[in-house]
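Going in written order, the chains are labelled A, B, C, D, E and F, and every chain counts its residues from 1.
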């Protein structure tokens, strides 16, 4: 592991997903999940998200499309929160999901939109 | 079919994919493929791409991620050309594809990057 | 939006999925989910399901196969109910799902069959 | 292997895909592909396609949807031929593929429709 | 159905997934799910798992990769238990899942690792 | 980039896929594909394949299953060659692919088996 890349990745991961969430994830890791947590922090967040070639908001939008296509609602929920942190409006998020209906099919778009509404309601409940 | 939505869709489709390509597609349509060509033009290009909620460049970036996840290289090639038309630089396109390695897996990213290079070479050959 | 196509779609959607379910879905829609609800009603139910080329029972059977392949159990449940409404027997539904084992793999068929049994039990409980 | 089930499967496979094609496939099988060829003949064609619960035409329609969703154009081509043999008209086949646009997404439907047209052209060329 | 192959399959299925679990599955089968239960027992467990070409531990490892790629967490959980029965250590199981991050993408690996930890906790709770 | 991890990854990648193939890939990389080539070498081959938790032969078997499930024939071909290098026999490779028929579906297994036979023929032609 490259300590420097891990630290850069950790900072980006906290910035996008929230420091509290990330610290909880890492603290909950045990001997079985720690290698994957470290790999994700270093490569996904350090080696890719940290690159200057795309701004974080655009990376979030891209993720919403990929996670819908890949049928991964658990990660999608985390990244809808991340998209809001990165400056996407709710309107932009649902616009992205509307476009997924065309390319990924209607069932995929319906499920992702359901999850977006859950996130929005959780946020409204917290205010 | 809504004639107005079809016409709006046709204009957007030509703007993104090129008038020549779209006219060829429609001219080549026969009784078997025409209903789908019309549905795509009206629904995909008219009812979704025409919406003001996201700019065309962002819609293109989103498509590159979805088409990589969905494993549709034929359409991906068309939309890499569309992304260039919509103002993406080559550097941004390959940056998008680098991010797909993390979420869609390395084989998906390798294949999409191969296709991007094909498009770039075809363009360079045309100049 | 084409009002005429939306209305045709709404009638078909109610006929297949039940008026009560569809009215609840539309009433529950908010500013974030309404554009997708409208797109689905107009294009999926109006522009495609309404076409005369295949009878509704055949369209339902086709959907059970696609939704199993696409791994979308939430929509599958809705469309198993729709298939029963469109005249499929329970025996035909599980015969369709048996065939998915060959093409989509055994795990897909097992999950869809579990959902079919849930639907059948809910129906039996309601009588 | 159950010899009886294999023989039943072989008869059904030849009936749907054509005796010539199936005999060529089996003759071309070597020690590496023979176990799979036998499994497919017995299990897919003997134990499932032979069941009386759905007529062959309906099984073909179901396959066109699943193979589109699964992104398997090579097998799709074989089963479009099988669908024609089982009594589907060309109009019904493209109607099935139009419906896949909604559930599997537009890129999937475009690719499958391209393949259907190839099959139709090959048939027209043979007459 | 070949009674002999079914019996061989049943013995292998019980050996890998546990006699208690398999007997419960078969006892719970009704007229709707019985044909699939029988097909799975005969073909999956009898005609494939019983073959001598790969040892059961290797077959389990292969399944963990396929079920992660196929996004089938319900079956994955059953086969993580099966992998432990077939002699995989917990360390080997999470090593397999770490490799899925590269090929299937990070969201797939995170979900499968979550399920592996659930299985490990259930086992620890039972001791 | 961690130079040490890249070098370890490069050595493993050459060991599995062949030095000639890997050197050609890296030499052919241009500014557009180089970041991905480096990420793959470091992250896939350095940080994962290099780990001692699974032997290379088992990692190859796992890959054949995942690449079949993911529908990535181009990468599959490369990894069938890698599997042979890592000590898999042809019989073991086709046994793996037979098992994919059950979990990924018959069309997936047929396509992967076709590719395996291509690799075997290319090897036989070279002797």
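The rule is short, and it goes like this: a contact is a pair of C-beta atoms (placed from the backbone, for glycine too) under 8 Å apart; a residue touches a chain by one contact, two chains touch by 3 or more.
Owing to the predicted nature of the structure, the values given are computational and were not obtained by experimental measurement.
Between the contact lists of chain E and chain F, the overlap consists of A, B, C, D. Judged by contacting C-beta pairs, the busier of the interfaces A-E and A-D is A-E.
Separating the CA-averaged centres of chain D and chain E is a span of 29 Å. Between chain C and chain D the centroid-to-centroid distance comes to 24 Å (mean Cα coordinates, whole Å). Computed from the mean C-alpha positions, the centre of chain A lies at a distance of 30 Å from the centre of chain C. Counting partners per residue, chain A has 35, 39, 43-44, 48, 51, 67, 70-71, 91, 98, 101-108 as the residues that reach two or more other chains. Taken as a graph of touching chains, this assembly is fully connected, with contact between every pair of chains. Against chain D, in their complex, chain A makes its touches with residues 102-108.
Of all the residues in chain F, the ones that touch chain B in their complex are 30, 32-33, 35-36, 39-40, 44, 67, 70-72, 74-75. Residues 71, 90-91, 94, 97-98, 101, 105-111, 113, 116-117, 120 of chain A touch chain C in their complex.
Residues of chain D that touch chain C in their complex: 43-44, 48-49, 51, 53-54, 58-59, 61-70, 91-92, 95-96, 98-104.
The touching residues of chain A, counted against chain F in their complex, run 1-2, 5, 35, 39, 42-43, 47-48, 51.
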